[in-house]
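Can you read through this structure? Questions will come right after.
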Amino acid sequence: MRTEHDQAGAGEAPAPKPVKKNYIRPLDIKHGRIDMGHGAGGKAAAQLIEELFLAAFDNEFLRQGDDGAVLALPAFDPAEGRLVMATDGHVISPLFFPGGDIGCLSVHGTVNDVAMSGARPLYLSASFIIEEGFPLIDLQRIVQSMAAASREAGVPVVTGDTKVVEQGKGDGVFISTTGVGVLPPGVSISGRHARPGDVVLVSGSIGDHGVAVLSQRESLAFETTIQSDTAALHTLVAAMLAAAPGAVRVLRDPTRGGLATTLNEVARQSGVGMLLQEAAIPVKPQVDAACELLGLDPLYVANEGKLIAVVAPEAAEAVLAAMRAHPLGQDAARIGEVTTDPHHFVQMATRFGGRRVVDWLSGEQLPRIC
Amino acid sequence: MVDLGGIRKPISIALVPEAEVGDYVIVHVGHAIGMIDPEEAEKTLALFAEMQAMTGAEVQS
Amino acid sequence: MKYIDEFRDGELAKQIGERIRAEADPQRSYSFMEFCGGHTHAISRYGVLELLPSNVRMVHGPGCPVCVLPIGRIDLAIRLALERDAIVCTYGDTMRVPASDSLSLIKAKARGGDIRMVYSAADALAIARANPQREVVFFAIGFETTTPPTALAIRDAQREGLANFSVLCCHVLTPSAITHILESPEVRQFGTVPIDGFVGPAHVSIVIGSAPYDHFAEEYRKPVVIAGFEPLDVMQAILMLVRQVNRGAAHVENEFTRAVTPEGNLRAQALVSEVFELRPSFEWRGLGEVPYSALKIREAFAAFDAERRFDLAYQSVPDNKACECGAILRGVKKPTDCKIFGTVCTPENPVGSCMVSSEGACAAHYTYGRFRDIPIVAATATEEVTP
Amino acid sequence: MRTEHDQAGAGEAPAPKPVKKNYIRPLDIKHGRIDMGHGAGGKAAAQLIEELFLAAFDNEFLRQGDDGAVLALPAFDPAEGRLVMATDGHVISPLFFPGGDIGCLSVHGTVNDVAMSGARPLYLSASFIIEEGFPLIDLQRIVQSMAAASREAGVPVVTGDTKVVEQGKGDGVFISTTGVGVLPPGVSISGRHARPGDVVLVSGSIGDHGVAVLSQRESLAFETTIQSDTAALHTLVAAMLAAAPGAVRVLRDPTRGGLATTLNEVARQSGVGMLLQEAAIPVKPQVDAACELLGLDPLYVANEGKLIAVVAPEAAEAVLAAMRAHPLGQDAARIGEVTTDPHHFVQMATRFGGRRVVDWLSGEQLPRIC
Amino acid sequence: MKYIDEFRDGELAKQIGERIRAEADPQRSYSFMEFCGGHTHAISRYGVLELLPSNVRMVHGPGCPVCVLPIGRIDLAIRLALERDAIVCTYGDTMRVPASDSLSLIKAKARGGDIRMVYSAADALAIARANPQREVVFFAIGFETTTPPTALAIRDAQREGLANFSVLCCHVLTPSAITHILESPEVRQFGTVPIDGFVGPAHVSIVIGSAPYDHFAEEYRKPVVIAGFEPLDVMQAILMLVRQVNRGAAHVENEFTRAVTPEGNLRAQALVSEVFELRPSFEWRGLGEVPYSALKIREAFAAFDAERRFDLAYQSVPDNKACECGAILRGVKKPTDCKIFGTVCTPENPVGSCMVSSEGACAAHYTYGRFRDIPIVAATATEEVTP
Amino acid sequence: MVDLGGIRKPISIALVPEAEVGDYVIVHVGHAIGMIDPEEAEKTLALFAEMQAMTGAEVQS
């Protein structure tokens, strides 16, 4: 009788069942269709990428599995550095939100993906897919915001493309940006490099962007003074790398799917577990409240100006200090550590004193907020 | 209009028309379905605190 | 957040946990069913189980509104969207519940159905106003908490003369479900489910009051403690249940006095009985047909009843054979007893409805508690408060 | 009386009026909206880019005005080469057409834009924007076609992104690809480099792609054996450059807007005119017939595997021979020459013996065929 | 392409050109109006003018169906799309004609109007079948050539009982327009427009035959030569006109005997008169109200008449003040006489309707002939066949 | 179904029902509106050729 309920009590260790193989049903390519979950940045998205995209394109660069690819430039001396390339499509709705718009977002998002490899972002390209009927005044506002973000980041938009689709075949404007940058020799940062014992840092409070965007959704409409955190993080990265050369193992911006999904990605890529301290994770009270009201978990809400870093334990304080000295890292915090875990679980000691798994986002928590 | 930690959102109070500005309500699917009685809330918290005292006492013993 | 943060205090939690440990009789075990999905969620999300001694166990009940929705009902909603070209509005989690033909509302949406997630019944009404040339159906699910807003929407639609709005009513009743469990052979005859008491619903009780539970306490000799949805509420309720069990008592206590009165929200009750009446029988996923366990729209509001408007005939559809949801909802089995838990059935690809909502027993265990099944992690991860 | 009709007769030169300033009404940003014409690759598109995008992003790279930007890589020795970056969004409808699909098209289009600078294309990124409900089987077919094209071209897709938009907010799948490549030292090819006296070459018959795509349009549906010419042209470019180093001044792929629009772009960029010989322009009889039937002009129909080259007159024969020796240039032809013309008109001596202006595409001749 | 390529032969063109040069009296000038846009297009696209001697001039007539459509009619179509939520189907070039409020059909589409380009009236019918819940209006424009397919569509819609299809009929009549020009004060009284003869319509004549032109030839003493749309047809017709003028003749000749008979397509004519009847008056852009110059749908087909179905009231709207389209359509002015030709008014931003279709006088000159106005280019570009 | 230089497209022949496979028709907005009379076409071409002869003669003179 007792074993029938052993999930309900914690102790008196009944022989736990061996874990089942981490099997998930493969995509039903023959009958399946894309649904919103495939775009939410969680497990369904990861599965789609693995079983459909990676299976087709398979190459050493894509297999790096990071948000930017580190490349060799055959004509150049590799001792001078390597090229990094990253791309992101931006399909956010609404296009304008407190603290930003799709324009600056599309610059920051890609600058950050390049920066998360440790590279210095140099150039951007932009592909616009505009819906017939889109007001020119809105387009101008977006493009000007993009230009301002690009100037501020020092990363020019050097080439672009514009397509127009019929009304009802698009949604205002989609912007796909691609960035290239140069990775200095000796820097090697990747989601694959986390090791047990490493420290997990976050550069500031989480969930601001997603809450700011959701507050503008017609169906949810709530008032908040929260603004999107959208920002280019490459100078913060430079400061961190300078503070402790060689100690930063992983950098990633927790965008779609939020902190939880990003850390799960890293855990899987590196083959490790993580243990987070809920009490240490910075969340603004209004973000907490909005999540409470909407039934969301801030760990899964998108950020556009935050990064997580996995650093060697001995350098953690130095890196943290460098982050806090940077305007975009003032609220940086140490939020957990990397553990040995063949199941690659990200766990969290709750503020309440319990412990739980912080899993990948599943399904679609928040539609199209980045 | 409810305010939760600085987040303000319009909700219907058709089900608790007695709610006034400043009252605390319980919100479910966009509707206030009941009010929070501050006195009772304090009592419950006091109960917890009492427990703390008790447990604390035991731990000391 | 006032009246929230205070009820999530980790220090207090530890103290209440120690109290429970101190008062629970080590010679026996305690099994309490939390009826509500809201409690299931709180227990999982805050890690409440780890603060409990090992002889106090929580059994998940059938109180997750998404989990008890039978396939046949979702099929109706899907058909309204795909075959009748209606705009179907529903609450978020309902979108992912598996239905017939490998469909779900979200997949029906991907197949072209105009299916929209709403935050409230009033949003569905607004959609109906904005699309006068389309039929708009609100797929209404839930217990006594979500019923009054649906009743309001129907009453408002009638007052406005909104001709294109209707409701596919799937509202169910908490007391009937509890009775059904207590009447089930496992509990009554075989005694295989040793439920020693109930953590009573929070939000439901705000509406219906605490009085309706008196019946169980008396009739089935089970203590009930109505508790709020915050983790300290749950812990306090567990302590109160332990004390009742220790005393051999079986009455209704109210931990959630800050919001629950004996009589409940009378205005909401009146509105509900103006618009709805009892359904002679309704199928619950896992529990089967349960007599007088649900509501239907009264004749006076027949124009807003999607079942009449579209002449829908309910067709029961058996659950996936491997799925143990039914037994889990009755407290007879636990998620890990299901052969496909965590492998074929995951939150991304739910096979049963318990894997859908984070209030579902399987999803809650998968999402928040899974590490506890896994030895290698459990060894380093359990931070037990050893005495 | 005579002057009132002097446009009607050619000779007896009545004093011609001075040409009016090439003024066009500026965009009405305040009230204007994007219409399908802005995406058709003609003058309206050019105006949008100039008055809205260029005005905001203004930088030396964008001002190059070519389909790919030639960039400096600060960390590297410029004597080793320069980086080239190009991007294109692909929004074609239907997604599958005789001879190809959006997948291979999105590889070829961007490989070609990189190649048209003279660079060797090295890497691609791909951003997918997929409409909810899109069948996985179609997505797989597209991605596999893309992978095959990328492998065949030797240009791997090294990074990507996938977004999902709700039904009715997209159109199956949009693919934005970005390519980078390396430009060998000494190569300088740009739309700005045409000079009077230069020779205009085309690598083969024009209009195949557009006609193949149109044949699949539900509303037009006609039967043809014409296939899209979609192909990666970088090896053809390499052969041309090897045949006459330094002699190739302009390379461009006449995609949206067709040959006519591409040549007008070059004429404007270089500040020259052109005179084409209609009889010399290769057009397949079926393409001619389809245009006749639909009221189109093959000069404005898109190509996806053709290039035009402007070459120094003394090297024209050598370059033409190199083209004809390449499988993708067998039908290459010399179709005209560059003239001095302050109005930057592209003119054409008709097969009939007359002469006409071959203007930019105006409005939308063919919706979304690349 | 049989029966096409033979009529585009450059060598033959040169010969006919020399023949015209040889036969045209150098002491006088010849002005011929090509009524049809199809001829305007052929002249421009193939560069026919350069093969003519300088004393033979071509005057563009009002035969471009898009150019003669008055603003008020396009406004009606736009309003059907934007205010009545109809699907409006129309032929390609019509999309870009400027209307009131800086709109055009393409801009109305960008503002959310469901406006679709069709290749044929039958496509509009197919759209109506596919969208039974929507009103589908075919915005029917054109001369006698496009009228029979519209009539067919209306007749088929009636036979099928297609309840959501209607036609906004703007079909106009060629003979009325020619008469109107010949009756205009410039031509009749002041003699400022020396039209010495007409190149008669190609496709229109296939339908109506050559007989209807006999009237002008006799009444106004103007020769008419019906010509095909290929460039050699046009040149041959010009030669035939020169010969008639030289002889002082004024009759109807048919260069296009391969497709045009004296009586025309009787079946098409019968169909048109079954479905349509004469409109007492119709506004033409540039010509103003012209009595009995257009068709309307007969009472028997009233259900398919968008004007009746939507109770539309036609409202005349004046053209842009700067626009000289009216005078150009009457042959009184030429595109370069317009102050905003090629500057404010371009094919991308047409101000007047003549700048829209490549058959329009202004667009044709802008697109194909503009270099001839420009001295520096003309110097190197004119390859005249000097005798 | 019309065939033009290898392009085949279905069109309506409701207005020229006498058209048979192999006939040449004039197509306008998706409808055959008339037929081409091959004899007359040859006559017209002959007329052009005659002209050519005439002009040719003149040039020689």
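Order as written gives the chain letters A, B, C, D, E and F; numbering starts at 1 within each chain.
Simple rule for what comes next: a residue touches a chain if its C-beta (ideal position, glycine included) is under 8 Å from a C-beta of that chain, and two chains touch if they have at least 3 such contacts.
The structure displayed is predicted, hence computed values, not measured ones.
Novice: I need the common contact partners of chain B and chain D, sorted by label.
Specialist: Under the touch definition, chain B and chain D have A, C as mutual neighbours.
Novice: Can you tell me which chain lies farthest from chain E, using the average of the Cα atoms as each chain's centre?
Specialist: B
Novice: Of the other chains, whose C-alpha centre is the longest way from the centre of chain D?
Specialist: B
Novice: Skim through the chains and flag the pair connected by the most C-beta pairs in contact.
Specialist: Maximum number of inter-chain contact pairs occurs for A-D.
Novice: Quote the value, from 0 to 180 degrees and to the nearest 5, of the angle by which the CA atoms of chain B must be rotated to coincide with those of chain F.
Specialist: C-alpha superposition angle, chain B on chain F: 180 degrees.
Novice: Is it true that over half of the residue numbers where chain A touches chain D are used by both copies, so same, or is it different?
Specialist: same
Novice: So how far apart, in whole Å, are chain A and chain B when each is placed at the average of its C-alpha atoms?
Specialist: 35
Novice: Using CA atom averages as chain centres, what separation in Å is found between chain B and chain C?
Specialist: The mean C-alpha positions of chain B and chain C differ by 22 Å.
Novice: So, what's the distance in Å between the C-alpha centres of chain F and chain C?
Specialist: 78
Novice: Can you list the residues of chain D that touch 2 or more other chains?
Specialist: Chain D, residues with two or more chain partners: 28, 33-37, 132-133, 285, 288-289, 292.
Novice: Got the chain E residues that touch at least 2 other chains?
Specialist: In chain E, the residues touching two or more other chains are 1, 9, 109-111, 119, 123.
Novice: Enumerate the residues of chain F that touch no fewer than two other chains.
Specialist: In chain F, the residues touching two or more other chains are 4-5.
Novice: Identify every two-chain combination in which the chains touch.
Specialist: A-B, A-C, A-D, A-E, B-C, C-D, D-E, D-F, E-F
Novice: Which stretch or stretches of chain F touch chain D in the complex?
Specialist: 2, 4-10, 27
Novice: List the residues on chain D that touch chain A in their complex, please.
Specialist: Answer in residue numbers: 27-30, 32-40, 45, 48-49, 52-53, 56-59, 61-62, 67-69, 71, 73-77, 80-81, 83, 85-91, 122-123, 125-137, 139-140, 143-144, 146-147, 150, 156-166, 168-171, 174, 176, 178, 180, 182, 184, 367-368.
Novice: Note which residues of chain E are touching chain F in the complex, please.
Specialist: Residues in contact with chain F: 1-3, 6, 9, 11-12, 15-16, 18-19, 22, 91, 119-123, 142, 145-146, 148-149, 152, 203, 206-207, 232-233, 236, 239, 255-260, 265, 267-268, 271.
Novice: Sort out for me which residues of chain E touch chain D in the complex.
Specialist: Those in contact with chain D are residues 1, 4, 8-10, 13-14, 17, 29, 31, 44-59, 92, 96, 102, 106-107, 109-111, 117-119, 123, 192, 194, 231, 333-337, 342-344, 346-349, 365-378, 380-384.
Novice: Flag every residue of chain C that touches chain D in the complex, lowest number first.
Specialist: Residues in contact with chain D: 109-112.
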